[in-house]
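Just below sit the structures, each encoded as structure tokens.
One chain, chain A, links the two complexes that follow: it is found with chain B in the first and with chain C in the second.
Coming up: the complex of A and B.
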């Protein structure tokens, strides 16, 4: 696991005291692990981790649905273009 | 400064004094202590101070619950810089500091609306106040309409293209009324939609909001002899639908015979968020821009109805995404 994904996981666990782990396939939106307002903080975290600005207009919730999707969209070589 | 020190230095009492809490008749206290602390990035002691300073709450099973609008407004005006409402609006209004040319070009949206009739009484037609963009140079290609059905939910989808145009108000009287409104010093706040329809109450409190401002300004335009109506629409690009920001503006027929849109509350909100949003504030005073999808709904009306006889309003959720 990359340091970036570890930071994402820690962010989610910090905000969900009843959760012990976050599996790669957990639906973070439907499970409300990230609620609508924490979602904004989450985007700022991703910007900090990637060093890139995220346009709120271009957001696709599916990119944020699981840790696996987040890694593919933001933390892989293909994502860092 | 450490987070703890920053928290201790927040003058919550002054913040509480500076905003108008939602009156009891419009208040829905659904947010528990934990959600309040998370939204405001504060600890229990600070929340206690806010309650002592007048933040309304309801005690249910030993847990305090708050109105989400009150929490939003406290966060927005806290000056902390790290509350969730401050972060949300900072991100949402990034576009307002950029080149306005980007707001004037054609832009295409995947537009989906889901309507839920939570207390459905049976089969009946659905009515959606649909996107109404053609009048302002836009286009709509409908993919799915909502047929009459007994189902308690229905969906509408379309591809909507919006565009913008610089069409500032030309009538001196209209410009003067807009200037008077801006100079009146109303403070933008998150206000429940039902309360926004009571624009007199909102303005009496010294507050403003998109719907309330549009209703008042439309009334003043009509009193000055102009055809004007407050209309609702969708403000696009709101974090994948994560933030529900009601949109309304005034449509007024100007002296040049054109219908202009005045989105005065958005101009006020932009001014509050950043001083370098002057171009956007100008755009809100007569011009159209591509982040708004106007609808056929009037200023204080719902976007959707199910004619089954249920007294409970239909819930309308929009998912609007920029096409990639």
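Coming up: the complex of A and C.
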């Protein structure tokens, strides 16, 4: 697990006291692991972790549904770059 | 007979309606929009900026400080615009539902006034700043679908009320800040005047719906309290827009945002901004003391 993905897991776990683990394919949105109120902070976290701005008017929700999707969309590209 | 999920709302609104009608002004003609704003004037009270009271403010150059007041004024007004868009959608969808038939007269005033607020906030930002900040990213997925219909309804009006109360804290301060340009002071003064009535209305409708939630299932009240406390924190977070720091020429916007939000002086300021709202929520029985943490 990369440091970035670990930081994402920590963000989710600290906001969901009843969870003790986040599986890679858990639907974070349908399960409310990331709810509408935490989503803005989550975007800022991803911006810090990637060093790139994320345009709030150009978001695809499916990019945020699972840890796998987040890794593929935000962290793998950076590894390749 | 089907059991109604949400009982019709009945409120004594004659006084508020009279005030809305007698206090009517035409915002399209009443403001004197100057060609430009004096470059040495802050657009937001310096004590209300997100870095106020911290070493992070003191470390800025005067030019950066003034720039931050400009961009944070634009952020504040942009948040107002996007908040009003949301509340207008919600109210328009309900205005002639049976539940709200008894309050639709006031809702018509409310819709008209909020549309006008949206106009003069946009006018200020676009005329002097050349931009609005985009709406915060939001999940269209429903984060409250686990709650009953009446609790979800309560949350719609709670969000409107909380938004109005936080904004009004800022308006009330800036309405009398003689360091601001006249046009900025006037916009805040006029908005404060209208919002005082909107807050009064919002509190009445909130209490009515909360009573319905508590009667239907008292166990749902702490869940509502938990959501509302999160919404208060969320609302504070939206004031700390890293795009405003970047535009003001301040480096490391995201790290600065995190440090500022956590700074004790800022946390004390947040307590002040939220004090009135939290006091009201506790008084009516849905305060943060109900939230298990």
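Everything below uses one rule, namely that the second predicted complex is superposed on the first by the 77 of 81 C-alpha atoms of A that agree within 3 Å, B and C clash if a C-alpha of one lies under 4 Å from a C-alpha of the other, contacts with A are read in each partner's own complex, and residues count from 1 in each chain.
Here is the rule we use: contacts are C-beta pairs under 8 Å (C-beta built on N, C-alpha and C of every residue); 3 or more make two chains touch, one makes a residue touch a chain.
Quick caveat, the model's predicted, so the values are computed rather than measured.
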Under the superposition described at the top, does placing chain B and chain C together on chain A give a clash or a fit?
clash
Would you sort A:60 into first (chain B), second (chain C), both or neither based on which partner it touches?
first
Between chain B and chain C, whom does A:40 touch in the aligned arrangement: first, second, both, or neither?
both
Looking at chain A, does chain C or chain B touch more of its residues?
C
Figure out whether A:32 sits in contact with chain B (first) or chain C (second), or with both, or with neither.
second
Would you tell me the residues on chain A in contact with chain B in one complex that are also in contact with chain C in the other?
36-41, 43-44, 55-57, 59, 61
Touch list for chain A against partner chain B, complex:
15, 36-41, 43-44, 55-61, 64
Which of the residues in chain A end up touching chain C in this complex?
17, 29-30, 32, 34-41, 43-44, 47-48, 54-57, 59, 61
For the complex, give me every residue of chain C touching chain A.
134-141, 143, 146, 227, 230-231, 233-234, 237-238, 242, 254-255, 257-258, 293
Which bits of chain B are touching chain A when the two form their complex?
38-39, 84-85, 87-88, 91-92, 94-95, 236-243, 291, 321-322, 324
